[in-house]
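The following blocks contain the structures, represented as C-alpha cells.
Both complexes below contain chain A, partnered by chain B and then by chain C.
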Partner chain A sequence: MNSTAATAQMHAEVLVIGSGAGGATTAAVLAQAGFDVLIVEEGEWIEQGSVVPFSLQQMDFQYRAGGVTVALGLPSIAYTEGRCAGGGTEINSGLYRRPPEDLLQRWATDFCINDLRPEEVMSIANEVEQVISVSLVPGPPSAPSDVLRRGAERLGWQNSEIPRWMKYASGDASSGQRQSMTRTYLPQAASHGARLVTGCRIDQLQMADGKATRATTTLGDGRHGTIDFRHVFVCGGAIQSPALLQRSRIAGYIGRSLAVHPTVKLTARFADELNVPGDVPVHQVKEFAPDLSFGGSASQPGLVALALSDQWRTFSRAITDWRRMSIYYAAITSEGRGRVRAVRGLRDPIVTYALTRRDRALLGSGLSRLALLMLEAGADEVYPSFRGAPVVRNRRDLATMQSTFSAAKASVMTVHLCSTVPMGEDTRRCGANSFGRVHDTTNVWVNDASLLPTAPGVNPQGTVMALAIRNARRFAATERPRG
Partner chain B sequence: MPSASRLRRLDTIVGPFADLLLTADLPQLPDARRAEVVEFVQRRANGVPSFTRFGLTVIALLYRGVMAAPGGRLVARFLASKSIPLLGEYPRLIRSLGYAYVWDRWPDTLPTGAAS
Partner chain C sequence: MGEQFASPAVTVVTGATGWLGQALVHRLLADPSRRRLRLLAQSTSEGRRLESLGNVEVVIGDITKPDTAARLLYGIGADVDVIHTVGIIHPKRTRQFLEINVNGTRNVAEAALDHGVRRLVHVSSNSPFGTNAQTSDSFRATEPYHPYLNYGWSKMEGELAVLDAVTHGLDATIVRPPWFYGPFQPPRQTTFFRLVRAGKFPVVGDGEQRRSMVYIDNLVDGLIAAELTPAAKGRCYWVADARAYTVNEIVATVGRALHDEGFTVKEPSARLPALAGRVAELGDRVVQRLGRCQQQLHVLGEMNHTIACDISATCSELGYEPRVELYEGMRSSIRWCVEQGLEL
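Showing the complex of A and B:
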C-alpha cells in the first residue's frame, strides 16, 4: 500500500483517523462494504526492516515524542504510543491473546453493552488470526524466553508460549516477519479503494447539533487544511482519541477512566550469553493472572543501561555483561484509574494516573515473585529497577528487596492503554454506545482501545481488532454507501 | 507547535546540565561522544509533550540558576545525586536518556564511559 501526501482540502465519505489496530481494521471493513474511505495518519509510513526493532532509532521514527511520554502521578507511569502508519502494531511485541470470553460477558452486563455476544467476537477473532498469521515460534524458544518457562516450571507455576502475528519464512524464530497493519489490513483496505494519507494531524472536529462535518488539520509542513466527510471514526488510541473529542467540545464520559497494565521491571544476569537485541521473549507466566503476569521485554543494550540507571552507582559495573542479561517485567491489572485532559492552548493532552494502595502492593509482590522466578531459572544476579534496590543473588537478598521496595521509587511503565471512551449504554460511565458511536453525536464513532470498558488483563490488541471489526460491520449494515 | 525560539531556549537550558551530569557520571566518555549524547538528549527534551515540557522547563531553569551561582556546578551535581521528589525527576530523565543512547550507540562502552 502506498501512502500519499496530505493536501489542504480533502473529502471522504468516511474519515478514519488513525491507522493502528482499530483504524486499519475499520478501514478494511468499510472499504470492502463500498464506502469511500480516507485514512489519515499523523505519523509516516516506515517500511519494516528500515529501522532496528526496539532501538532508539525506531523510537525516533515510530513513537510519539520519541517514546518520552508519561502519565503524571506518584509515581508517574511512562507509556508509549505508536505514531506511524500501522500505529502500535508496528512497534509492540506482536503477542496475541484472544479476548477472554468471561470478560466479554462481564463487560456486557456491567456496562450495558447490547449484542456483545462472545461467540460472535470469537468468530471474528478466528478471522483476524488468519489474516495476521497468528502462530507459535517454530522450533525452540529463544534463550530469554526459555528463562521464563524454566523458572516457572521449577516453581510449578502456570506458563505458556504466547502466539504472535508473525510469518516465519524458514523454520526458526529469527526468520519471523511481523504481520502488522502495514502488511495486512491496510493493504486490504487499499485493495478496496481506501486511501491513506500520512503526516497529517487532525486538530479538531467541527460540530453542529451533535454532527461533525469537517476536520481541521495540520500538515507536515505546518500548513493548515480541512477534510469534509459524512462519518468519522476516531481511532487514534486511548490517549489521542479522547483528546481529539475534548478539543472538539464533545461532552460526556470522555477521558475519565484511563486503564492501564502498570509494570515494574528487573534485569537478570546469567552465566551464559542469552541477550537477543532485536526480539522479545514469547513466554508468559500466568500463575497469578489476571492480577499479575510475568513476561520478557526488549533488551537492547541501551534498554539494559536504562533499566540499570535507577541504581547506577551499584549496578553500573554489570553493563559490560549485557550479552548475558535480559529484561523481564511484572504487569498488574490495576484498580487505579487515570484521566486524559485536553487543555486549550496545549497541543498535547495532560495524562494522569493514580495507583491504588492495592496496586502498589501488587507491584511489590509481583517484582519479588519475578525475582524469585529468575533465581530459580539460574540467574546469577538480579537488578530490580527501583531507586535503592539491592542486587539480588539469593533468597536473603530477596527479603531485603521486598523491604526496600516502594512503588514511588520504581520505574513504572506501561504499553497497554485503554478505556478512555468506554462503550455501553450507561451514559454515566460510558462515552460511546454499544457499537462505538459517541453518545449525543450522530456521526462520530470511536473504534480503538478507548472502547474497552476495563483493562483486559491480557495483551489487548486481539480484543481491539475483534471489537473494531464487529462495530464496523454493524455500521456497514445500518448505513449505506453513497455509491 | 512550539516556536523555534522556544526550542532553542530549551536547548540552552538542558544541554549544559546534561553535559555536567554525563561528565560526572561517565568521566571517560570521549568529548565527541558526549557532545553527540547531549545533542540527542536535547532533541528528545524538545520533543516531549506540552505539559511535561512545561514542567521540564521550570525545573531545568531552577538547575540552571543553581549552576550559574559560584560553586553552583558542585551543588547541582550534589542535588542530582539525591532522590528529591519532583526535582529529582529531571536528572533521572536526563540520565536515562543519556545512558540509553550511549549503550544503544556504542554497546561495549565501559561503566566509566571509556570505549572498550
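Showing the complex of A and C:
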C-alpha cells in the first residue's frame, strides 16, 4: 500500500484518524462495506526491515517523541506510543492473546455494554488470527525465552509460549516476519479503495450541535489544512484519542480513567551468551495472572545499558558482558487510575497516573518473584532496575532487594495504555456508547484501546482489534455508504 | 508421593515442652512404632515433667550452647530423626531471636550433619516471607524471602543455616506453619478467646484480609509426613489448614465455637481503621529497633495484612491432608483450656 501526500483540503465520507490496530481494522471493514475512507496518520510509512527492530533507532523513527513519554506521578511512569503507519503494531512485542471471555462478560455487566456477546467477539478473533497469521515459533524457543520456561518449570509455576502474529520463512525462530497493520489490514483497506495519508496531524474537530463537520490539520511542512467528512473515527490510541476529543471541546467522561499495566524490570546475567538483540522472548509466566505476569523485554545493548542505569555506579561494569544478559519484566494489573488532559498551547497532553498502595506492594513482590525465577533458571547475577538496588546472587540477597525496593525508586514503565474513553451506556463512567460512538455526539466514534473499560491483564492488541471490527461492522450495518 | 520411611530407631525432639513440642510428643508416645524418644529440656524440673509422660529419655541443655546438640545425639546410631521445634516468637529482647532461632538452629543442623542423622525436620514460619501484596495472593511452595521484622529475619537465617548444611550433605526438610491454634496453647492465646468473647477482638480495616492458620494436630501430621517422606530431602513445605480464612470469618467462627461450648459471646464491636494497623506496625518497628519486643503491637501490626499460603505441593508431595478445620479445631482448643482450668 502506498501512502499519498497530504494536501491542504481533503474530503472523505469516513475519516479514520490513526492507522494502528484500531484504525487499520476500522478502515478495512468500512472500505469493504463500500464507504469512501480516508486514513490519516501522523507518523510516516516506515518499511519493515528498514530499521532494526527493538532498537533505539526505531524509537527515533516510529515512536512518539523518540520513545520518551511520561505519565507524571510518584513514581512517574514512562510509556511508549507508536507513531507511524501501523501504529503500535509495528513496534510491539507481537505477542497475541485472545480477548479473555470472562472479562468481556464482566465488562458487559459492569459498564452496561449492549450486545457485547463473547461468542461474536471470539468468532471475530478467529478471523483476525487468520489474517495476521497468529502462530507459535517453529523449533526451539530462543535462549532468553527458554530462561522463563526453565525457571518457571523448576518452581512449578504456570508458563506458556504466547503465539505471535508472525510468518516464519523457515523452521527457525529468527526468520519471523511480523504481520503488522502495514502488511495486513492497511493493504486490505487499500484494495477496497481506502486512501492513506501520512505525516498529517489532526489538531481539532470542529463541532456544531454534537456533530463534527471538519477536521483542522497540520501537515509535515507546518502548513495547515482541513478535511471535510460525514463521519469520523478517532483511533489515535488511549492518549491521543481523548486528547483530540478534549481539544475539540467534546465533554463527557473522556481521559479520566487511563488504565495501564505498570511494569518493573531487571537484567539477568548468565554463564552462557544468550542475548538476542533483534527479538523478544515469547514465553510468559502466568502463575499469578491476571494480577501479576512475567515476560521478557527487548535487550539491545543500548536497552541493557538503560536498564542498568538506575544503579549505574555499581551496575555499569556489567555492561561489557551484555551478550550474557537479557532483560525481563514483571507487569501488574493496577488498581490505580490515570488522567489525560489536553492543555491549550501544548502539542501533547499532560498525562498523570497514580499507583495505589497495593500496586506498589505488588510491583515489589513481583520483581522479587521474578528475580527468584532468574536464580532458579541459573542466573549468576540479577540487576533490578531501581535506585539503590543490590546485585542479587542468592536467596539472602532477595531479602535485601525487597527491603530496599520502593516503587518510587523504580523505573516503572508501561506499554499497554487503555480505557480513556470507556465504552458502555453508563455515562457516569463511559465516554462512548456500546459501539464506540462518543456520547452526546452524532457522528464521532472512537475505535481503539481507549474503549476497553479496564486494562485487560493480557497483551491487549487482540482485544482491541476484535472490538474495533465488531464496532465497525455495526456501523456498516446501520449507516449506508453514500455511494 | 513415593515410598515412606519406617519410624526410626530413635526420634529426637527439641523444644519438647513448647506448644508444638508437647502436641508432637503426645502423638509420638501414642505410636508403638516409635521405639525410643529422646527429648531436650531446658531444666531439670521440665525434664521431670517430660519423664512423667511415659517412656522417654531426657537431655537437659541449652540449645544456644554449641555442645548441647552434640550431647543430644550422643550414643545413638544413625537411624535417628531429629524434629527441631525450638523457636522464640515473643522474647523480651530482640537478641534472643538471634541466639535461639538462628544460632540454636545452626547448632542443631551442624550436629545433625556431623552425626549423620537420617532426617532433620526444621520448623520454620511464614515470617521469612512477610505478607502477601494483595488479599487474593497466596504464597507458593517457593518464594523470595521478605522477612517481617526481627522474628522473620531470624527464622529466615535459621532456614538458611539448615539449607547450608543440606548443601554439605545433611538430609533435612523444612516445615513452615503459619499462625497455629489448638491444645497446649500458651497463656497468651487465651487473651485471644477473651477478646472475642468480649466482642473486642481488633478487626483492622474491612476484615477481608486472609490468614492461613493451622490446627496443631494438622501441623503434627505435616511434621511427621515431612519426616517420613524420603523425597522431601532439601525441600520446604507449608503446613496449614485446607484454606486460608478471612479475619472476619476467624472472629465469627471463634465466637460460634465459644457460644457452642456454653460461653456468652458479645457481638463484635472493635473495628479499627486500616491506618491503626499501619501505626501499630510502625510502632513495632520502632520498639524493635530499640531491641525490645511488644507483643500487642506486633500482632496488631501484622493483623492488617494477608498472610496466605498454598499447600498444594505439601499435599501432592508429602501426602498431607489437613483433617481439622477452624470451627472444630477451635472447639477442641476451648475445651482444652477449660480442662486446664484456664479462665476464658
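In this text, the second predicted complex is superposed on the first by the 483 of 483 C-alpha atoms of A that agree within 3 Å, B and C clash if a C-alpha of one lies under 4 Å from a C-alpha of the other, contacts with A are read in each partner's own complex, and residues count from 1 in each chain.
Rule of thumb we're sticking to: a contact is a pair of C-beta atoms (placed from the backbone, for glycine too) under 8 Å apart; a residue touches a chain by one contact, two chains touch by 3 or more.
This is a predicted model, so every value here is computed, not measured.
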| item | value |
| --- | --- |
| Superposition on chain A - do chain B and chain C clash or fit | fit |
| Partner chain(s) touched by A:305 [first = chain B, second = chain C, both, neither] | first |
| Which of chain B and chain C A:68 touches, first, second, both or neither | first |
| Angle, in degrees and to the nearest 10, that opens at chain A between the C-alpha centres of chain B and chain C | 90 |
| Touching partner for A:157 - first (chain B), second (chain C), both, neither | second |
| Which of chain B and chain C A:251 touches, first, second, both or neither | neither |
| Contacts of A:5 with chain B and chain C, given as first, second, both or neither | neither |
| Dominant contact partner of chain A by residue count, chain C or chain B | B |
| Chain B and chain C, minimum CA distance [Å, superposed model] | 24 |
| Those residues of chain A which chain B touches in one complex and chain C touches in the other | none |
| Touching residues on chain A, where the partner in the complex is chain B | 55-56, 64-66, 68-70, 72, 76, 218, 222, 300-306, 308-310, 312, 316-317, 319-320, 322, 343, 346-350, 387-388, 409 |
| Complex interface listing, chain C residues touching chain A | 128, 130, 132-134, 136-137, 140-147, 153, 156, 160, 163, 313 |
| Of chain B, residues touching chain A in the complex | 1, 25, 40, 43-44, 47-52, 83, 89, 92-93, 95-97, 99-105, 107-111, 116 |
| Touching residues (chain side chain A, partner chain C) in the complex | 155-157, 287-288, 291, 358, 361-362, 364-366, 368-369, 371-372, 376, 395-396, 398-399, 401-403 |
